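Take a look at this one; I'll ask things after.
Note that the chains are named A, B, C and D in the order they appear, and that numbering of residues resets to 1 at the start of each chain.
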Amino acid sequence: MLIIMGANTHENANLQVMNMLEQAGITGYPVNSGKRRLICLGQNLPEQLHENLLELSTVEKIMPIKTPYKLASREYRPQNSRVVVGNRVSVGDGNFVVMAGPCTIESEEQLFSTAAAVKKAGAHILRGGAFKPRTSPYSFQGMGIEGLRLLRQAGNHFDLPVITEVMETAYVEDVAFYSDIIQIGARNMQNFPLLREVGRTGKAVMLKRGPSATLEEWLMAAEYVMATGNEQVILCERGIKSFDPATRNCLDLGGVVAVQEKTHLPIIIDPSHATGKRSLVPPLALAAAAAGTAGIMLECHPKPEVALCDGPQSLTFDQLYRLLQTVRQVVQALNIEEAAEFEELKVGA
Amino acid sequence: MLIIMGANTHENANLQVMNMLEQAGITGYPVNSGKRRLICLGQNLPEQLHENLLELSTVEKIMPIKTPYKLASREYRPQNSRVVVGNRVSVGDGNFVVMAGPCTIESEEQLFSTAAAVKKAGAHILRGGAFKPRTSPYSFQGMGIEGLRLLRQAGNHFDLPVITEVMETAYVEDVAFYSDIIQIGARNMQNFPLLREVGRTGKAVMLKRGPSATLEEWLMAAEYVMATGNEQVILCERGIKSFDPATRNCLDLGGVVAVQEKTHLPIIIDPSHATGKRSLVPPLALAAAAAGTAGIMLECHPKPEVALCDGPQSLTFDQLYRLLQTVRQVVQALNIEEAAEFEELKVGA
Amino acid sequence: MLIIMGANTHENANLQVMNMLEQAGITGYPVNSGKRRLICLGQNLPEQLHENLLELSTVEKIMPIKTPYKLASREYRPQNSRVVVGNRVSVGDGNFVVMAGPCTIESEEQLFSTAAAVKKAGAHILRGGAFKPRTSPYSFQGMGIEGLRLLRQAGNHFDLPVITEVMETAYVEDVAFYSDIIQIGARNMQNFPLLREVGRTGKAVMLKRGPSATLEEWLMAAEYVMATGNEQVILCERGIKSFDPATRNCLDLGGVVAVQEKTHLPIIIDPSHATGKRSLVPPLALAAAAAGTAGIMLECHPKPEVALCDGPQSLTFDQLYRLLQTVRQVVQALNIEEAAEFEELKVGA
Amino acid sequence: MLIIMGANTHENANLQVMNMLEQAGITGYPVNSGKRRLICLGQNLPEQLHENLLELSTVEKIMPIKTPYKLASREYRPQNSRVVVGNRVSVGDGNFVVMAGPCTIESEEQLFSTAAAVKKAGAHILRGGAFKPRTSPYSFQGMGIEGLRLLRQAGNHFDLPVITEVMETAYVEDVAFYSDIIQIGARNMQNFPLLREVGRTGKAVMLKRGPSATLEEWLMAAEYVMATGNEQVILCERGIKSFDPATRNCLDLGGVVAVQEKTHLPIIIDPSHATGKRSLVPPLALAAAAAGTAGIMLECHPKPEVALCDGPQSLTFDQLYRLLQTVRQVVQALNIEEAAEFEELKVGA
């Protein structure tokens, strides 16, 4: 249930509603999204209280949202959301956005040569890992703050907004300072204190789906970010676990299409992590474009064979360039046919 | 390991090799594909026997195939296979083939009106179930032989080859008589006696992947068909089981792309069964086209809301028509870009 | 919905009810269990027809069973079922039954020495495969009819009822002739024609759970057998597929305990196939006993290291002997504590 | 690879080895376990360097451990580990340890009455959640520090060591202060910064397996804790995700038995979270005892029907009391039979 306060209401109006809820033994969770004040409830309202609240001049309306996620639901916001990144790239408004870059930032030279290739190929956002969640404590864990600085410099130099992952609350401020989108990795999808902390920065957040998270759990994680008042959330599917060890992960494109009916948030596909294998990335990137998703995230490297992390799934610069050419051709083909009927859908809220 | 006999060798040559193997305690499995004789081995040959066999004038070569599937492997046949259906439709040679029709044949009227819509939409093959594997013994089990007859008539009337499922050896002869492609359903993927029986008909066989079959188990099932000498095998992915009850199945497009690197057999996608929901079919059908698969299989119905089986996943005729228009646009877009580099790959063996 | 006819009603009474259903456009599925006549419905009855049927003197009662499985449900039969095998062993009445023997019958010597060890260890039923469902067409497929004959002889010689698998309808009659329990393997759990055929033999049937079958799908498969009037069904859990390639299968003991609340059929555990590894069999066999299941099925071999199939999971005779000693100790410990409270539950229907 | 330094070597000895590694471009990870110094390597040593290191008087030996987890492996430590908790309870030395208590600490009264029941039933350790990882941001998140204080008081009052979960690094110090075992929840199994932080406290750590973590990923997570020099790690299996929505999780008892062959760390079973249903807890608790695991963790509540969290899986006090009686009977039965052969195994390292 969502209580929507009128535009420009004072904080005192919120307190009044919170008091009325508390007297009824109901916990309300106030959300101040900047644009307006909301109060989220994990349960239904008794009929009388419902009426009393509606009679307040400060309460605009009460939405009986059935799904456990409220702010992330299409019930709350029927039209697609648009997340504006670095003041110049829109995710979710019908463009097909490409994020690309190295898995891990290894050196200035590696990062800048990759950023140049990313720019030349026509990608829109530069990715690069400075803090790496590694399965083994005995593997390279990333360049840290120094990596963040390099990423920012490369982004500025090639006029590309940048995205990078944060793994712990202690570094959220740094990552927010140096990047345009803060990435939450798949392993941290249900790291609730971290979700809250990145939400509070007000920066755009890209939330990767956990490898065995249900679609509902994924949206509930997004709700943790949104409950801080930060609505700039992008979702990212990177493959789920299956019973078949022959493939690294199973890209759940059907799940993405299904969950898009439930949420207004834009969804990005990461075929690099989904497959773990270079030759499988292009067909799945094209599939993501044809399925109407909001974009893709790709890994590339000047010399994949010597990459410190995930080399086998990194594209060469030439492969990236050619893939994005074909991607654009597919996107254009869809637009010809579907422009009319999808028009309305593609305009952001 | 595969022993390839020379072209036009007499059966006696086979017997000689079989005897030599038997004396060494090795079981050989002779395959007569019509084109040539082969002997498949589940194990390696001792060095001396290997040499002795090669010295026979009737033995052309011995291929040390590493995968447990031999005839289905790219090691055996590097180029894509082409399965010709009903003397007029080629599956696997670079065309994007569309099979469409009702889940279940319910009546002459239902089938013929659907076949007309399938033809008009530009699909190439007509599907329809006469024998239905139902989870409950108390559900409609199909029209049986009468359904087969109707399917053949509809196919003839609209000049469309037809495909239908067989569930037991007792009906293999009938299904082979009335159809152009025999379908093995997902639940029967490892029904080995049935696989052998459909193989022996010499008809084209479409083998659906079991909902929890690994890619290797899938190819091993195809091998059972091919070991009868029947190389006319098409694979079909229809979604695998995942941990998320929110979607019916999980379309494993990444698995398809991965297994295509291992096998020369053409692979068809079934987004209707993969999703179980009409609105999710188009984006996944388009994704299948963009990913470079051999085709799709779609369910449609004149009135999905009253279908006896799987109505919620059946497209209306209008949706089918519009979807195939967009599919052709995507296929064309890919061809513009990739014609040159994929040329060689697309020519059948 | 189940219509229960009165004891000793004539077939004509059934026909009358079937006619009334047909006139209402409802398909009834008559079941003659020997003890009494039933008519199963996949849907609900209109109120008026429901009343009219109840007014018939031949109709005893109408049970509104909510689950899609009717005869297999506890709604239909609240108390545990008991399946009597070979006129001397009861499965499901509170004893802990042990089935043991070789995966595959390889020779008279191998089988008889194993049967002797099985008897000595105190197991109750002899198992042995004559028809083997092998993933590869190039693997040993079993001794066939000759294996069935040997199994019967060994059973007779050591006074042990025998169980063996059938894979196709063509051999159902033979397997029913030579064995006391007909096993349906995991890959054939949804081979519906085969389920019907083994049901019709009237012999006890052991139905293995498919490696990715839900609990409901498993009971629906049992329902196919029971819908033939054969109520002698035993279920067998042999491990399900999981995302972890480190273990062959995942023994779903929690699923067994959960499904036992839904069904009155006895459930056997197969730790040999669940683990695929000898050293893991004893702890899981003991766990099965402690969890209160109806019994276990174990593989053993005189020389596991040279077994033609599944050697790594076969116990030695000595291991079998010692394991069953401990199993009995655990069963006895449970009985001391739980005898009183479980007494009622353990008495068969 | 593990480099084991001699007992009582000075830190300078470590530095010498680290220098030699660095000059060879190899990263060493020094571990000071209190007892002795180790240096872990994620890769192999060149032959010459291997010899040179062995010649140092300060290096005792170099162990070529093949698994990616080093300190958690049985290669490193063949005998079972023993974790001593609160100076009086040993986990992993052959006793079957029972942890019990409420899912969530709700009030002093609720906690103390539960602790009394836990003590009376004969359990060894008191559990209770103060910080709760909830799927929804709109659910009760726990009493926090106040809950920790109550837990400590209840533990002291009833002479029970206590265990509670920590979710973020900011509270690690508090949780370490108030509890005897720090629990890492399933969702945080790969929260690597948190693992390091709890490791550094030197307190016993119980690491729950993630719901889709492979056995290897689980041990790698334990390795993160152990790499801080803290060897007091207990593993806890709480069910994994499966394809069947009929059960909440699938208790992977086979995986526990399999992983125990790879690791010396003690493993506890949590049947409450694995099943999510009260009636299924006792059979799985007994199965855990029979399978030879190190113990169980159970949830109980004075009035499960009004519990703030996970009521449906909480045992009543009476159920807890009777279950533990039966558990002891099973454990005793196993000891009679297996005492002799397992004697050696059960003595901690």
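Simple rule for what comes next: a contact is a pair of C-beta atoms (placed from the backbone, for glycine too) under 8 Å apart; a residue touches a chain by one contact, two chains touch by 3 or more.
All values derive from a computational prediction rather than experimental measurement.
Between chain A and chain C, the least number of touching-chain steps is 1.
With B-C and B-D as the two chain pairs, more C-beta contacts join B-C.
Summarising the inter-chain layout, the chain whose CA centre lies farthest from the centre of chain B is D.
The geometric centre of chain A is 38 Å away from that of chain B, both derived from CA atoms. Centres computed as Cα averages put chain B at a distance of 33 Å from chain C. In this assembly, the C-alpha centroid of chain B lies 49 Å from the C-alpha centroid of chain D. Shown for chain A are the residues in touch with two or more other chains, namely 212, 241-243, 245. Interface of chain C with chain B (complex): residues 27, 29, 40-42, 68, 70, 133-140, 167-170, 187-188, 190-194, 196, 210-212, 217, 220, 223-224, 227, 241. On the side of chain C, the complex with chain A involves touching residues 212, 241-243, 245. For chain C in complex with chain D, the touching residues are 212, 214-216, 239-247, 249-255, 257-259, 261, 271, 274-275, 277, 279-280, 283-284, 286-292, 325-326, 329-330, 332-334, 336-338.
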